[in-house]
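Shared chain: chain A. Partners: chain B in the first complex, chain C in the second.
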Partner chain A sequence: MTPVPYFDVLKGLGAEVILTLTALVALTLDLASVRRAEMSVRSRTIGTTAVVGLLASTLPLWQQLNGPRMVLLGGTLAMDDLIIFFKLVIVALAVITVLISMDFDVGRHVGEYYAVLLFGAVGMMLLISAEELITIFVALELTSVSLYILTAFHKGELRSQEAAVKYFMFGAISSAFLLFGLSYVFGVTGATGLQAIQDAVKNTGGLAMSPLLATGLLFTIVGFGFKVAVVPFHLWAPDAYEGAPTPVTAYIATGSKVASFFILLKVLFIGFAGLQGSAFWGNFASGWTMLLAVTATLSMILGNCAAIVQHNVKRLLAYSSIAQAGYIFIGLVAATKMGANSVLFYIIVYALANLGAFGVVAALSSRAGGDEMQNFDGMARRAPFLSLLMLIFVLSLAGIPPLGGFFGKFYLFASAVQRDAQHFGLLWLVILGIVMSAVSLYYYLILLKHIYVIDGSDQSPIITPTYLNVALGLVALAVVALGVYPKPILELLNNFSYSVIAGLVR
Partner chain B sequence: MNHLIYLYGTDWGMGQFPICSVWMILFTPLVAAALITLLTGRQKGLSAALSIGAILISFALSLRLFLLFALKGIQHHPHPIQWLVVGNTVRINFGMTTDALALLMLLVVTGVGSAIHIYSLGYMKGDPGFSRFFACMSLFTFSMLGIVISSNFIQIFIFWELVGVSSYLLIGYWFERPSAADAGNKAFLTTRIGDVGMMLGILLLWSHAHTFEFTELKAKLPTLGLPVGTLALIGALIFAGAVGKSAQVPLHVWLPDAMEGPTPVSALIHAATMVAAGVYMLCRISWLILPSQTALWLIAWIGAITALMAATIAIAQNDIKRILAYSTLSQLGYMVMAVGLGGPTQAMFHLTTHAFFKALLFLGAGSVIIALHHEQDIWKMGGLWKKTPITFWTFLIGTLALAGVPPLSGFYSKDEILLLAIERNPMLFVMAVATAFLTAYYMGREVFVVFFGKPRDYHAYDHAQESPWVMTLPLIFLAALSIVAGWYSKVPDFLGPPHEAQRHSSLLTGGLILVPLFGFLVAAKIYWKAEPSDAPVKVALGNLWTLVENKYYFDELYHWIIQYVQGTIAIVCDVFDRWILQRLGIGGLSVGTGLLGRTVRLLQTGSISGYAFLIGLGVTVIIYYAVVR
Partner chain C sequence: MQVDWTIYLTLLGMGLILLLPRESKTLIRWVALLTGVAALLVALKDYFNYNAWVNAQISAHGALQDGFVQIVNVPWIPAINTNYHLAVDGISFPLIVLNGFVCVTGILFSWNVETRVKEFFAFFLTLIAGVYGVFMAMDLFLLFVFYELAIIPKYFVIAIWGSTRKEYGAMKLVLYSFMGSALVFIGMLAVYFSAGGQTFDILELAKHPIAPNVQVWVFPLIFVGFGVLAGMWPFHTWAPTGHVAAPTAASMLLAGVVMKLGSYGCFRAAMLLFPQGLEHWKWWIAWLAVVGIVYGAAVALVQKDFKFIIGYSSVSHMGFVLLGLATLNLIGMSGAILQMFSHGIVASLLFAVVGRMVYDRTHTRQLDKLGGLAKVIPFACVTFVVAGAASMGMPGFSGFVAEYQILVGAFHMHPLLALAAGLSIPLTVAYILNANDKVFMEQDQPADGGGHGHDHKPGSGGPHPSLPPITLPERVAAIILMALLVIVGVYPSIMLNMIKANVQLFLRGAP
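Entry: the complex of A and B
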């Protein structure tokens, strides 16, 4: 057995190491020096430490950029430009989440809060570089457990406790499904590395799927279906989103979604490359594209329709996220390089718009006394700047040009239309997507009507800290920029995605 | 950097087409909107000056390009800027189209727009949101000009939606009034329904041709060998976008409600420009629809039905702006019908003349409304012709032009469409003639009731006075255009080779002159008296009157459908929740108490076991379908 090159591992995982150390520093700092200080001072101090740590963690990433593809620990973890880019995205999302949290009452255990938040980021980063089933599972658990804990951080509130337990129970069930599925996959193929699985599947005759492998594939997808909250595995999401402290909701809805979609893309496009099946109209065949097409259909319909009748803003955004996950699945169903690109582009746009929306909700709801729709009445006059940002985020989620959401959706739909264009194979899914995103405008406009039209009983202006306004303003700027000038990011992704779709036939 | 060369032009020498000015036409209003929003929001005068200055610059540049092309024939095909390229199949440019069609439309939008901007100076005076209003107007102008110069489907779609957003902002401009906000929502949502079809059509076309560029598509289309059905489907889907934007049946319901916005907005958006965007787009892509008989047939019939139906509704409305709104619907129907009959040139001609006289009529109505301190009910007006002479005379010119009385512009453009109709489809010709009669009739009614007879509200009448010069000057300008726009008979030729259809039969033309005159006569018989009323018509029409007065119950029908659908969804969600939360929850409670007791109590409902059961069930079903079958 060859000795493990620990130094290389440390170098390759520099960012994760720095984040872990920062988390420990945050804990110690809180315990040792600022425990007696005022709450706001504590929150700011520890929060700033976390931000510094997050920014520091990008240093090793920048260094590795443009380097050759690197494989660590016998192929369990990998490093290439695409992976580094998405780790940077995770860092950016985490930084904004920390900034939102600094303005939010997270309870007495400030040090623990930020430490767990950073551990979550470590989990997401590991998840992004994982290329082997067991590592994927461990990283997914590290992420999830951190999020369960964060969800429960409103210690005084029953809603938060309930949400955390629900989230935890569902997470446990989904982990069980996932582990079960992965064990079958291992049993049939004898491999845990994604590339090795692909080779094994090809050697056993590719598309001729054995019942055992099919079961493994199915359970794996069910497991991931929970993590990204698609129908019918979405039931935890509305409760968890509503109950969790809003910054945590933002984190669940963005950081963990980005990491989960990224790894799902890799598992499907590399590991299960030979098992797509077909989701073409009138020509269905067993395989993951068919399963995803079905869940995408259900998610888009149920997510959008259920959102219409919501009265709580966070719940509304939860259902909207379920619908958004449905759109993203359309890109996966296309199962082409263009599909992969569109998914990668859309999860960035989606994460930014959602993070911004939850950020605005966090900032305003804590000052307006709640996150029900009517708490936002007349908000345009009380907090004009954040209301304007909310307008941008919401219209981007609805897919209105020239915002990022429009181009992202267009790209997803175009990639699906492109596939099997001669026979309109995936057109049914695209029609559904376009129709449903028209429906979504309806409830987004209801939210905007509360903010902009209906007069609230309270007219006093709401003042939010400058750093938060700047941070959210930058997010909005990014959403606009991704719509007006998506070229740089698209070219970047286009050059990157070779590593993801290496195994795909087309 | 090639981009810079394109931006600033390569050569300013003789005969060179200055590309720079196309960009300036487009972006000057955007710069104005940005400056007003960011810097001059507090200074009202400066904001208005910026906005008006911007559109005047655009107008002057458009005029220059137009004249260069019309007189000297100088035209240039500027290279587009590459907006993004992904792989081999997605190439999207930011291009500029400067053909005859685009130049004419640029001139119409900026010309009419300028008049309306200046008029707003008087109309919006003293309004608290003065600066915001002008910022929105500039943003809207930018979006509209973007549609005009677009060189590909994605670009046109982006500006198309931007127009939707800025009109949403402008209609909801008086959003202190809930009805205005509702109207804004309704306009946005209804037009989005059409856009769903448009996006689908664009994607379908692209999936076969792999390009979005108009010029490339036009050249490629005959070589693609698309099946007739596919071609018709694509044409119909893209037409759906125009149905939404140009307010054709059955998506017409938003336009009359959009009259909630300030009157200059009604004039700019809902008469001259935005609603014309649909017709313009159809003309722009006429190469796509002309080869498909089915698509043409659909377009022609939708247009004709809209024209006739809106005209019948207009005879029973009481709001001075609503009558004009339905008349706009009706005239848009004419244009769409012309496209469907294979005459985009005729449609564009009518679009141009209509932009002038409809903007004139709306601004005239606004002048009346201001004179009477925001009174819009025609039955509270009367005898105003002495009090507001300029408004009256210009309004009269607009009315005659709209009705198609020679030698005003409306006569020529309408005549062309009618001649086209009689040649291609006699049934549609009959509908169009009936519409022409009704147009003269309801406009006659409006003029007689508003400007003649005895004043019905003496208090308002005594205080009424002519509007200030900033408002009447645009009226005179537009009135002059409404008179002469048809004389320049080269307008149709300008757009393309003349059609065979234009061999005028003088007998037919003579007959068509009589139609509006007859309409006016009937209206005069009923309404030209001291105390006019609808009573005789009501008696004559009976139930039909109730039907048209209620706009064929379209709003009620849609309202009912939406409520029904939404109600159903709510019930389904409710049942879903109840079934899971309560039934299964409680059921699960009794089974799983020992196991989950503590958790269950914590969760109040114990829903988890229910959820878990459902998941297990779901997975089993999927396994059955995916594996066993």
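Entry: the complex of A and C
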């Protein structure tokens, strides 16, 4: 047995190590020195510490950028430019989340809050570099458990507790599904590394020959389906989103989604590369593209239709997230390099727009007295700047040009049509996606109507801290930039994603 | 400065307005007006240059070789092979100028907007910029981006500053437009991949022969998708409610320009790229257009609301555009393009009279509550008569030149088409005269409609004894628009030469 190269591991996981240490510092700092200080001071101090730690954690990442692909611990963790890029995305999302939280009442346990938030970021980053089933599972659990705890942070509020319990129950069951599925996959292939699974799958003769493998695949997808909240595994999402403290909702809807989609992409495109089946119209064949096509269909229809009747902004955004997950699945169903690119691009745009939207909701709802639609009446006059940002975020989610969401959606749909361009095999899914986007515009506009059109009874201006305005403004700028000039990031992704889809058939 | 600066100038003006404090309303209005004028001047300068160039080409070679003036063509998103490609030809120039004029006059007619001035002009200029972009984009993807950019501001402009079921009208309009663009979106993906997935450039795509069986199902997607916005019957129902709900400047822009976005898209994207699809569907388009023409006019005749009359008349007149396009002959298609310009001006003028001059003063649009306004605000009456005459197709106004050509073209296609469409002319005369009669004449009408809190004084010279006089901005704007109607009516070749030359190119099969 070869000795474990601990030093290499430490170097490879520098960012995660720094974040873990920062989390411990945050805990100690809170306990040791600022516990007796005022709440706002505590929150600011610990929050700033967390931001500094997050920024520091990017240093090792920058160093590793443009380096060769590195594999740690016998292939369980990998490092390449794509992975580093997405770790940076996670850091950025976490920084914004921390900034939103600093302006939000997170209860008495400030130190614990930020520490758990950072642990969650560590989990997400590990998830992104994981390429082996057990590591994937452990990282996923680290992320999920952190999020369960964060969801319950509104101690006094019943709906926060309820949301946390619900989220935990569903999460635990989904973990069970995932573990069950993964164990079958291991049983059939005898491997846990994604690349090794891919090689072994080729020898099994596919799903038809191996019902065990089919069960494993199905259960794995069910498990991930819970994590990314697609119909019919979405039931936890609206309650968890609504009940959790809003910054936490933002974190669940963005950071954890990005990491989950990224790992799902890797598992499917590398591990199950030989098992796509087919989702072409009139030519279905069992495999994961077919399963995903079905869940995408259900998510887009149910997510968008259920969002129409919502009165709570967070709940509305929750259903919109379910629908968005459906769109993202379309890119996965394409199962091509272009599909992978489009998914990676879209999750970035989606995360930014959603983070921004929840950020604005967090900042405004705490000052307007609630997160029901009516609380946002006349907001365009009370907080013109944040309202403008909300307009950008929401329209990006709706897919209106020239914002990032439009190009992202276009790219997803284009990749699906391109897959079988001669016979338009996936056009049915794309048509559904486009029609459902048109439906979604309705409820997004209803939300904007409350902000811009309806006059509220309260006309007093709302002042928000400058750092928050700047941070959210930058997010909005990024959303616009990704739509107006997506070229640089597309080129980056295009160069990167060779490593992800190396094992793909096409 | 080339004509693409119309887009950038408008966006700059919009950005500037966003930076101004919201209290300085006058400053904001002036910034908006100057932006509009600057863009219009840029457009006009290039328009006349192009006109001179076309005339020189025709006298030198007898016809145009290539109608396009390329402005800019740089790679935009290489991942999907789309370029930032702007170019203009004799079809888009009249519409660009139209947009400029409607923008300037729309701002003048909105001088009295007092609530949320800053946001109003910001949304308004965003919409204008999107429209300029559509008329120049030669890349299908880019065209779509500009097209969508023009949709969302409409919602806010109508829902915030509108009247009469404004939120309903705004939402209906936006959802119809968006459903239309969803169809276009699907068609766009289909044409892109059918042509090999190499380019979105319209001029390049037009060179790729697309399989006839694909053309036959993609053509109606794109044509109807754009046709929704052009008020194509039976997808027109957003138009009357939207127009009625919109504030004056927005209904001017909606009927004057935005509906032209639809017909322009039909021409530029659907008809150019799918010649076989067009051949297959042209009778459907022509007959649906005729139904729209007659239906719009007939429904306008029985309306009780002044603005609904104009709303339905727009549906009728846009039917002429679609009919002209479907004739596929030189005279009919040239008429259609000219009709886009002409109706743009007529509709703007009519909506300005209804919305700004009459409604903002009397606060009612019901025909039976209005009356005798000719004495109180004679200028409005003159404007309405001029615009109404152009709308009826009176010789001497641009409407005559356009509709006459369309009817001749339709006659060449099938005499019955021209006959059926011609039915709308007496109807148009009837509803215009009826409206004129009820609103501006009929001095001694009983004022029983005034019992609902309005300050009507029965017996003292009609229901509206005194109203604020017509302001200077209104006069200036109305005179500009009326002058255009007459200039193009008396001297149509100022516009028709370039249109004809480019339609000829189209009919020869060149993009």
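In the analysis below, the second predicted complex is superposed on the first by the 502 of 506 C-alpha atoms of A that agree within 3 Å, B and C clash if a C-alpha of one lies under 4 Å from a C-alpha of the other, contacts with A are read in each partner's own complex, and residues count from 1 in each chain.
Note that in this section a residue touches a chain if its C-beta (ideal position, glycine included) is under 8 Å from a C-beta of that chain, and two chains touch if they have at least 3 such contacts.
Just so we're clear, the structure is a prediction, and the values are computed from it rather than from any experiment.
**Q** Would chain B and chain C fit next to each other on chain A once aligned, or clash?
**A** Superposition check on chain A flags a clash between chain B and chain C.
**Q** Looking at chain A, which partner touches more of its residues: chain C or chain B?
**A** Here the partner covering more residues of chain A is B.
**Q** Applying the touch criterion given at the start, work out whether A:Ala421 contacts chain B, chain C, both or neither, answering first, second, both or neither.
**A** both
**Q** Which partner does A:Thr215 contact after superposing on A: first (chain B), second (chain C), both, neither?
**A** first
**Q** By the touch definition at the top of the document, which applies to A:Thr297: first (chain B), second (chain C), both, or neither?
**A** A:Thr297 sits against neither chain B nor chain C.
**Q** Taking the superposition as given, does A:Leu235 touch the first partner, chain B, the second, chain C, both, or neither?
**A** Only chain B; A:Leu235 stays clear of chain C.
**Q** Would you sort A:Pro401 into first (chain B), second (chain C), both or neither based on which partner it touches?
**A** both
**Q** Which holds for A:Ser286: it touches chain B only (first), chain C only (second), both, or neither?
**A** Only chain B is touched by A:Ser286; chain C is not.
**Q** Quick one: is A:Cys305 in contact with chain B, with chain C, with both, or with neither? Answer first, second, both or neither.
**A** The first partner, chain B, only.
**Q** Do chain B and chain C land on any of the same chain A residues, and which?
**A** Chain A residues touching both partners: 338, 341, 395, 400-402, 406, 410-411, 413-414, 417-418, 421, 424, 427, 430-431, 434-435, 438, 441-442, 445, 449, 452-453, 486-487, 490-491, 494.
**Q** Please name which positions on chain A make contact with chain C in the complex.
**A** 338, 341, 380-381, 384, 395, 400-402, 406-407, 410-411, 413-414, 417-418, 421, 424, 427, 430-431, 434-435, 437-438, 441-442, 445, 448-449, 452-453, 486-487, 490-491, 494
**Q** Inside the complex, what are the residues of chain B that reach chain A?
**A** 83-87, 89-90, 154, 157-158, 161-162, 164-165, 172, 175, 178, 181, 185, 188-189, 192-193, 195-196, 199-200, 203-204, 206-208, 566, 569-570, 572-573, 580, 599, 602-604, 607-608, 611-612, 614-615, 618-619, 622-623, 626-627
**Q** What residues of chain A sit close enough to touch chain B in their complex?
**A** Chain A reaches chain B through residues 161-162, 165-166, 169-170, 173, 177, 211, 214-215, 218-219, 222, 232-233, 235-236, 286, 290-291, 294, 305-306, 308-309, 337-338, 341, 395, 400-402, 406, 410-411, 413-414, 417-418, 421, 424, 427, 430-431, 434-435, 438, 441-442, 445, 449, 452-454, 485-487, 490-491, 494.
**Q** Residues of chain C touching chain A in their complex?
**A** That would be residues 22, 75-80, 116, 119, 141, 144-145, 148-149, 151-152, 155-156, 159-160, 167, 171, 174-175, 178-179, 182, 185-186, 189-190, 192-194, 197 of chain C.
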